[in-house]
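In the part that follows, the structures are each spelled out as structure tokens.
Shared between the two complexes below is subunit A, which has subunit B as its partner in the first and subunit C in the second.
The block that comes next holds the complex of A and B.
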């Protein structure tokens, strides 16, 4: 631990400010709460929102897991885990089931989460309408009026042009039937895991200075049309390491002739299945 | 065979060692001392303090050395340190009319009370590389000392009611942008705070655009002054003001044409820039952008990027911009896989469409 800094880096007043904003976020599911995002010692765009949420929630008894792309040992996940071991000295784990707090970028673990776990998402762009409307003053009005026609028209145009919706990740969801929300850039494969999740899901966007939440057991619908229901990605392959046929797969190029192999993106899920198979 | 994402922890440790070695360079060459950076790279130190929002020459010099001279990295280092510092209080507003001026020029009047004072400037150096070691000739003393207090040039126009009047104390209490999120529309005090922390290069480009037809507002450099200003606080427990030191500042007041409107008669208007240390380019750029961003309040037509406050204020910060642009080097395997899947589906669909007549519009499940 680095003694020059407070436990988990942020001072207690800042943590209180964050917790108050998080309480508001939980009270209004899917609503983006502006907060006094601090400048963190890691760069904006690299998880500063998630790190602030984690820092605000972390206690000495917590067990922290950090994943990026589903994996515990990608460099940015390692770096964030290293940061919290350094400034908070908390126990860390790679096992989803053992963690009390899980900070993630771009995935939701394959292993089902429980009520006593919190999943913290790193969010680059909290505003699902941003690519359709760059003005913040305007998008806030659209949310206030629950006017999501822009998004529906965009999805409809996809169907008219391609026959199906051409959004594969950061697929927009409606939280508790009210707020259009970005699930962060998770593949739409993970969207069903948001719906009525027993675990609290918190979202932190540091650079954009917004927090939002999906409380436990909240209804989360991925936008779709009656005649074009929501679908998730499927593979013809199984994981070549653990044989899983129902997890999200990464495609890995293994030689210079373009040979591919498909493996689970969730490294803990994959290694757990391999251990089980050997037992 | 499959090792692509393994060993992140060790790789980071090795990378830090390589970085430390590269930063130090040839160990036969003595390491830079902070005093050398502070004294001989003072303009770099000023920029890091300004955009790092922390007036501390020693820490700025440390950041510059640690960042191997990368100013944006040094600014980031200083900001990340600053964020942990407690707030003891706020200073009284600085009185720049009481500045102990070392440089002061005006582009609007040939002579002004107190005179034009060039001071230390690169303006007339002719930019010839000095291949031989520079010998410092002793500074020739001035015939007479500069007046202790020089009136601000814009106050002369103010007396004639030719320039908009800004009453002291008419501003609302500013919010602290490092503690509260930026929301839109932002008032002028908040905008100036954002511009003060904004990247010099970005502001310079935006300011330049206003001179090339994107929000032309006919600026004149009313006054640029640089020198030392006292910093005063008034602690609650004392109840009277005390001076805690002085800092070097550069202030720029632009004078801009205004044809009248929104119930205001034709008059000159102001654009304001302020920078720590000797930061003339920054202060002037800031003043031009400040004036451009006042378009709504003055009911001017707004069509240019420099007049769009969401555009300017959301993209001015180098720490935010640098982080987000460079986050693209983080892994995006998962999203890229999702896009690959989608693209293969679209490609397969197109092949099927050209094979079949009539054209099928049925949606295909993704592969």
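The block that comes next holds the complex of A and C.
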């Protein structure tokens, strides 16, 4: 642990500001609370929102797991894990079941989460309506009035053009029947895991200076139409490493002749299954 | 002058984690890990919440602005005192029987419903083996809770506010080293 910093890098005033905002975020599920995002020792876009939320939560007894697209061993995940072991001295793990806090970029672990775990999402764009309406004052008004027609029209246009809803990640959800919310760019495969999750889920967007929350056991619906119900991705393949037929698969090019293989995106889930199979 | 948290960084971190879980799982009493020394007018549980969340950026309305309590809070947190309940980020209610109407506190702006008051209410105690059923986000099926010492029309007042959602108030009830949070989304189910 590096002793030159306050515990978990942020000063206590900043943590209190984040903590007040997080409590309001949990009290108003899916609503985006503005907060004073600080300059962090890595650029916006590298998970500064998630890092600030994690720093506000972290205590010496926590065990932290960080994943990037499901993997524990990619650059972003390794850096953030090392950052917190340096500035907070906390224990880290790659095992979903051992973690108390899990910071994630763009995936929800395959292993079911528990009530005593908290999932923290890194969010690039917290406003689901932003690509449809660039003005913040206007999107705030649309949320105040629960006027989400724009999003339904967008999904309808997909159906008119492609015959199905083509949005495959960052698929908009309605939290507790009220706030239209971005699930962060998780694949829509993970959307069903948001619904009535036993674990608290917190979302931090550093550049956009917003955070929001989905409390446990909260209704989270992916938008859809009666005649075009919500569907998740399916594969004809199984994971070539562990044989899983029900996890989210990455397609990996393995040589220069275009040979491909499909493997689990969640590295901990995949290696856990391989260890089990050998035993 | 009394001291505050013995270990400001970790005592407030542990208290915050309990508050966060309390807010995420409403109507369930949770034990506060640290209760700091506190002047007679403020319950130690309420002081733990105030030391964890308040600083120079927040204002508080005290139902009973006792001089010793005001000095203590100003010295340890630097918070501002609000003259009117409407102006306060936090309100401390030490005698719920004579508390002002819930409608007197800030409920937020339709575009910014987070700009609303958080009430810390010192009550006589909690019972989970009886009382009303509560449901809403954070509650799997329903939770039973009875909060002792609230005015008789408290729940009617709160139900009247719920029609304004997402505007509203968030409550922290404290008693006997425990806290129960009740966000605006928690509904009291009619028996």
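One rule holds in what follows: the second predicted complex is superposed on the first by the 279 of 279 C-alpha atoms of A that agree within 3 Å, B and C clash if a C-alpha of one lies under 4 Å from a C-alpha of the other, contacts with A are read in each partner's own complex, and residues count from 1 in each chain.
Everything that follows uses one rule, which is that contacts are C-beta pairs under 8 Å (C-beta built on N, C-alpha and C of every residue); 3 or more make two chains touch, one makes a residue touch a chain.
Because the structure is a prediction, the values reported are computed rather than measured.
Engineer: Which term applies to subunit B and subunit C once both are placed on subunit A by superposition, clash or fit?
Structural biologist: They fit side by side.
Engineer: Which of the two partners, first being subunit B and second being subunit C, lies in contact with A:9: first, second, both, or neither?
Structural biologist: first
Engineer: Once the structures are superposed on A, label A:209 by its partner contacts, choosing first (subunit B), second (subunit C), both or neither.
Structural biologist: First partner only.
Engineer: Of the partners subunit B and subunit C, which touch A:228 in the superposed model: first, second, both, neither?
Structural biologist: A:228: touches subunit B, not subunit C.
Engineer: Looking at the overlay, what does A:237 touch: subunit B (first), subunit C (second), both, or neither?
Structural biologist: neither
Engineer: See if subunit A has more residues touched by subunit B or by subunit C, and give me that chain.
Structural biologist: B
Engineer: Mind working out whether A:187 is in touch with subunit B, subunit C, both or neither, as first, second, both or neither?
Structural biologist: Once the two structures are laid over each other on A, A:187 reaches subunit B alone.
Engineer: Classify the contacts of A:78 with the two partner chains as first (subunit B alone), second (subunit C alone), both, or neither.
Structural biologist: In the superposed model, A:78 contacts subunit B only, not subunit C.
Engineer: Return first, second, both or neither, reflecting whether A:106 touches subunit B, subunit C, both chains, or no partner chain.
Structural biologist: First partner only, subunit B.
Engineer: Would you check which partner chain A:86 touches, where first means subunit B only, second means subunit C only, and both and neither mean what they say?
Structural biologist: Neither: A:86 stays clear of subunit B and subunit C.
Engineer: After the superposition, pull out the minimum Cα separation from subunit B to subunit C in whole angstrom, please.
Structural biologist: It is 10 Å, taken between the nearest C-alpha atoms.
Engineer: Find the residues of subunit A that appear in the contact set with subunit B and again in the contact set with subunit C.
Structural biologist: Residues 6, 34, 137 of subunit A touch both subunit B and subunit C.
Engineer: Spell out the residues on subunit B that touch subunit A in their complex, using ranges where they run on.
Structural biologist: Within the complex, subunit B contacts subunit A at residues 1-2, 4-9, 11-12, 76, 79-80, 82-84, 86, 178-185, 310, 314, 319-320, 322-327, 330-335, 337-342, 345-346, 349, 360-367.
Engineer: Of all residues in subunit C, which touch subunit A in the complex?
Structural biologist: Its residues touching subunit A are 8-10, 12-14, 16-17, 19-21, 23-25, 52-55, 57-58, 89, 110-114, 116, 118, 136-140, 165-166, 170, 183-185.
Engineer: Please output the residues of subunit A touching subunit B within their complex, sorted ascending.
Structural biologist: For subunit A paired with subunit B, touching residues are 5-6, 9, 11, 34-41, 43-46, 48, 68-71, 73-79, 82, 105-107, 124, 134-137, 159, 162-164, 166, 168-170, 185-189, 207, 209-210, 228, 231, 233-236, 241, 248-252, 254, 261, 263, 265, 267.
Engineer: Applying the document's contact rule, which stretches of subunit A touch subunit C when the two form their complex?
Structural biologist: Residue list for subunit A touching subunit C: 6-7, 12-13, 15-17, 19-29, 31, 33-34, 56-60, 115, 137, 140-141, 143-145, 176, 178-179, 196, 200, 213, 215-219.
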